[in-house]
Amino acid sequence: MAGAGMSADVDSGAGVGAALRWSVERDLRLALRSRSELGVQLMFYVIVVTLFPLASTPERMLLATMGPGVLWVAALLASLLSLPRLFASDFADGTLEQIALSPFPMPALVFGKILAHWLTTGLPIVLLAPLLGIQYGLDGTALWIVTLSLLIGTPILSLLGAIGAALTLGVRGGGSLLALLILPLYVPILIFGAGSADAVRAGLSASANLSLLGAGLLIALVGAPLATAASVRIALD
Amino acid sequence: MLEVLELAARRGDAVLFRRLGFRVEAGKMLVVTGPNGTGKTTLLRILAGLTLATAGRVLFRGEAVAPGSPKLRAECVFVGHLPALKDEFTAEENLSSLVELSGVRPTASQLRAVLSEVALDAQRALPARVLSQGQRRRIGLARLSLLRRPLWLLDEPATALDTTGLALLGQLIARQLAAGGAVVASTHQTLDLPPEHLEWLVLA
Amino acid sequence: MNVYQFSSPATFYPFAGWLAPWFAWSAALLAIAGLWIGFAVAPTDFQQGEAYRIIFIHVPTAWMSMFIYLVMGFWSVLALAFNTRLSAMMAQSLVPTGALMTFIALWTGALWGRPTWGTYWAWDARMTSELILLFLYFGVMALRNAIDDPRRADRACAVLTIVGAVNIPIIYFSVQWWNTLHQGASVSLTAAPRMASIMLIGMLVMAFAAWFYTIAVSLWRVQAIILERERSASWISALPGLAGALR
Amino acid sequence: MAGAGMSADVDSGAGVGAALRWSVERDLRLALRSRSELGVQLMFYVIVVTLFPLASTPERMLLATMGPGVLWVAALLASLLSLPRLFASDFADGTLEQIALSPFPMPALVFGKILAHWLTTGLPIVLLAPLLGIQYGLDGTALWIVTLSLLIGTPILSLLGAIGAALTLGVRGGGSLLALLILPLYVPILIFGAGSADAVRAGLSASANLSLLGAGLLIALVGAPLATAASVRIALD
Amino acid sequence: MLEVLELAARRGDAVLFRRLGFRVEAGKMLVVTGPNGTGKTTLLRILAGLTLATAGRVLFRGEAVAPGSPKLRAECVFVGHLPALKDEFTAEENLSSLVELSGVRPTASQLRAVLSEVALDAQRALPARVLSQGQRRRIGLARLSLLRRPLWLLDEPATALDTTGLALLGQLIARQLAAGGAVVASTHQTLDLPPEHLEWLVLA
């Protein structure tokens, strides 16, 4: 147990799996600790989606036209609203310091957190979208396409959002600054996402939009954890 | 084990220290003291790789290490002002989560043993939110006890601890030194340790 | 003298001061020439009448708005990879000009849209993505303002800039990827230009004017940034004419 | 300076004005500290308003119909997004404890905070609304009425939101839970607010809607500070 | 000045103390000690009116006071674990804002004087975010020095202070006692005060 015996417990390359497991498991456990958490996310989404027809004139044709857009904007806002919490509490209580000092590779730890965020905020939205879409009078294909586009798109929202959340850590103007930084990046996703369903409704193929979304997801999957980890380190300095 | 060469730190317009150099051998503890605001915390964060130094180098086991290098991260443990506790988790969950983050998977009985070592038996299943200030710090002590790392960096470890807590901290440090580890700690209080193991660095 | 010396603010400061006026004067001359070609030499367009002359402002600023962002991205990569102070300052110095160019492109585009498309604004892909570019510039400025430690702000802004760079191809290719109101590229390296050559020349001259203006302004701005950041360094107090100003 | 000489510096009844001044001034100063704060709020509003036409089909008629609704929903979201910050930082750093222990009447201190919140988030939105309304092709009267409805309505949003923000202090799921608690209260305001402009566009009078809003504002002005102060005390226990 | 009768506190299932009674006279300081987690913080928060006691009464100047009563709020000052500092405000702004919240409007020269008393001259215009741990606590000391309140409730006031900081705290307390005020403070460290002014309450 002396001197050289007390060496590294993890060799840095191999730790990716363990790192992922640690952060996903921990964040899911935290999210589920207050049993209402998941329900609240869903309720928020439902309420926002419900608000729109309330605020504009509820004509059936118009509703179906607005449908995909509203589902997407609501998803985007739900993501935006939950993002400030992604790192804030870990930052305030010092966990983020320990994450930066862990022998596990930091992008993997960060990616785990993002994954947990998506599982608790994005996935429920995707699952709920078909139901809400019916309320808007969307038909079979459009419904299916908008759900698929949300399934591909919402992870991008979480991934990009994480960068913004990390950049605005400990910075004044938090929530709104985050929105300002991230919304411009969200807009293309919104356009492709809502556009895919519009294309279908217009009798065209959604595949161009969806494959652009898919490409976006790939890029975000590779780039975002690295950028986020770098931003977190910057925030800790 | 740790050597520091020509280290300098500037925060804003203020130069905290410049051309700082020292060595910490295995089995020794470096106590960093000095008035408030002289850079003790900053020094420890630089050593841990959290903050960038303005100039200078840190050698670990004779090799220069970049801030946040995997090698350093695998061999040192940093306990700062912030306890890294989740209010929603129980004391035990917090401890096991923190230790696992360092790559060690403790068994349930290990966790229980070390929690009773720091006198948190009764608080094991309480959420950290309701723990007293000292009880929160004790979870940090339990973590130190479970992680076998050659280098400890402790920022004011005595904060909020009662007399038995202080004694416990002394024991842990003594055990670490006896096992050939090294400790760098900042403190304003006097720790009860054999003076031959201590070296002093006074910032001013 | 090697190139790396220029990455030190102390060396770069006088060099920038020497260089900037050259670019400023060239920019002024080119702008005069370009405007003269644009408004006096180039013929009236048979479709659009005089309104088309906005092109001599619109297109160069639109180009610069994207180009400046790419240059910022380049400096940001350098700043993050090598932790060099000067490249972060260069990136910082470009932001306001980039925002200005974007704003002018948007503004002139909107003005132009009124006579040609009958509306100032439409949510067309190119316009929207150009608007996003403006928001990106604003985002970088807002982030910098929100962080007081300049070194930390440098690195945070660098990350944001690099991430935001994905928008540039979207702007550029938007006319190809979607059916847009906006017209496609008419200047290309691979195909013969589709517009009257005098118009093309005017546009290119104006583009160079905008480019040189950007360089001059950002050199001056980088000097100001250096002065502000390094105010406690000894070489600054040794600068002629500044010794008194800095106490 | 001894014993009895060291007594109360403020007699509790008289402190309302001073209390208001203290908290409004302090929170405004905090908000303006990062020079970009106000700008960020505005940018957020502009971006959200901009998102809607992006996500749906941009036809002129439809735009004008959607206009008031979008302006209102965006105002609501801007309010919602900034609410978690209303008390959170004061709670985390202990200022809220000191506020509860201050000799000033606590509802007045809390009201000052709410006022400052409205001045930094609500008022800019009201001022910007006419400009954005033009983008949506709203005409003179509709524009004026939607702005007026926002002027009366946004303070209600801040007042009601403050109760929710205080209730969710230190509770996990903060942002979304807050949204869940507050949105049902916001909906009537949204309906009256957006409805007033719709009424004008339909050639009717907006006065019924507006006076309902006004009544709501009066009730909220009286009740919300008391309810918020009580919730804050509960959160501190 | 302060009298406590039959006070009890229960948190969750744990009874922290029961039938607690004591008096604090003007000119005296009650030092509350005891191991971690025995209820020192809880007691102080009850006295300040932040937390509700399970049973018992608190008399202030002989009258029973309800928790959070205006009278108590006007005459006592509570310094807890949390410093109530805004990271964005400078040290000076923080101090003046905190003092004004207690209904006192200090002049600029008063602020300056008291900040230099706690050795924060150089940090006067720095945002609190960048201050060191001890410097943050010193702002709390400056506040105590500016507010003339008969009753001070201090929770571990010695935390993070260096030796000169501790001496300063001692002086402030001595001044308060000499002026006929009373102090209730929890601490794990020994404070340098004349023992005839001290009374002890050991929780266990």
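Read from first to last, the chains carry the letters A, B, C, D and E; within each, the first residue is number 1.
Methods note: contacts are C-beta pairs under 8 Å (C-beta built on N, C-alpha and C of every residue); 3 or more make two chains touch, one makes a residue touch a chain.
Just so it is clear, the structure is predicted and the values come from calculations on it, not from any experiment.
J.: Per the definition at the top, count C-beta pairs in contact and tell me whether C-D or D-E has more.
T.: D-E
J.: What chain is the most remote from chain B, judged by the mean position of CA atoms in each chain?
T.: C
J.: Which whole number of Å gives the spacing of the CA centres of chain A and chain B?
T.: 35
J.: List the centre-to-centre spacing of chain A and chain E in whole Å, with centres computed as mean CA coordinates.
T.: 45
J.: Using mean C-alpha positions as chain centres, tell me how far chain A is from chain C in Å, no decimals.
T.: Roughly 32 Å, centre to centre.
J.: So which bits of chain A are touching at least two other chains?
T.: Expected reply: 30, 33-34, 92, 171-173, 177, 180, 183-184, 187, 191, 237.
J.: Mind pulling the residue numbers of chain C that touch at least two other chains?
T.: 128, 135, 138, 142, 146, 149, 151
J.: Would you mind listing the residues of chain B that make contact with two or more other chains?
T.: Residues 12, 52, 81, 88.
J.: Can you tell me which positions in chain D touch chain A when the two form their complex?
T.: 33-34, 36-37, 40-41, 43-44, 47-48, 51-52, 54-57, 62, 65-66, 68-70, 72-73, 76-78, 80-82, 84-85, 92, 171-177, 179-180, 183-184, 187, 190-191, 194, 198
J.: Where on chain C is chain D touching in the complex?
T.: So the residues of chain C touching chain D come out as 121-123, 128, 131, 135, 138, 141-142, 145-146.
J.: Within the complex, which stretch of chain E touches chain D?
T.: It is residues 26, 48-52, 68, 70-71, 73-78, 80-89, 93, 97-98, 100-104, 148-150, 179-181 of chain E that touch chain D.
J.: Spell out the residues on chain C that touch chain A in their complex, using ranges where they run on.
T.: Answer in residue numbers: 80, 125, 128-129, 132-133, 135-136, 138-139, 142-143, 146-147, 149, 151-152, 155-156, 159-160, 162-164, 166-167, 170, 177.
J.: Using the touch definition up top, name the residues of chain D that touch chain E in the complex.
T.: The contact residues of chain D facing chain E are 1-3, 6-12, 15, 18, 22, 26, 29-30, 33-34, 89, 92-95, 97-104, 233, 236-237.
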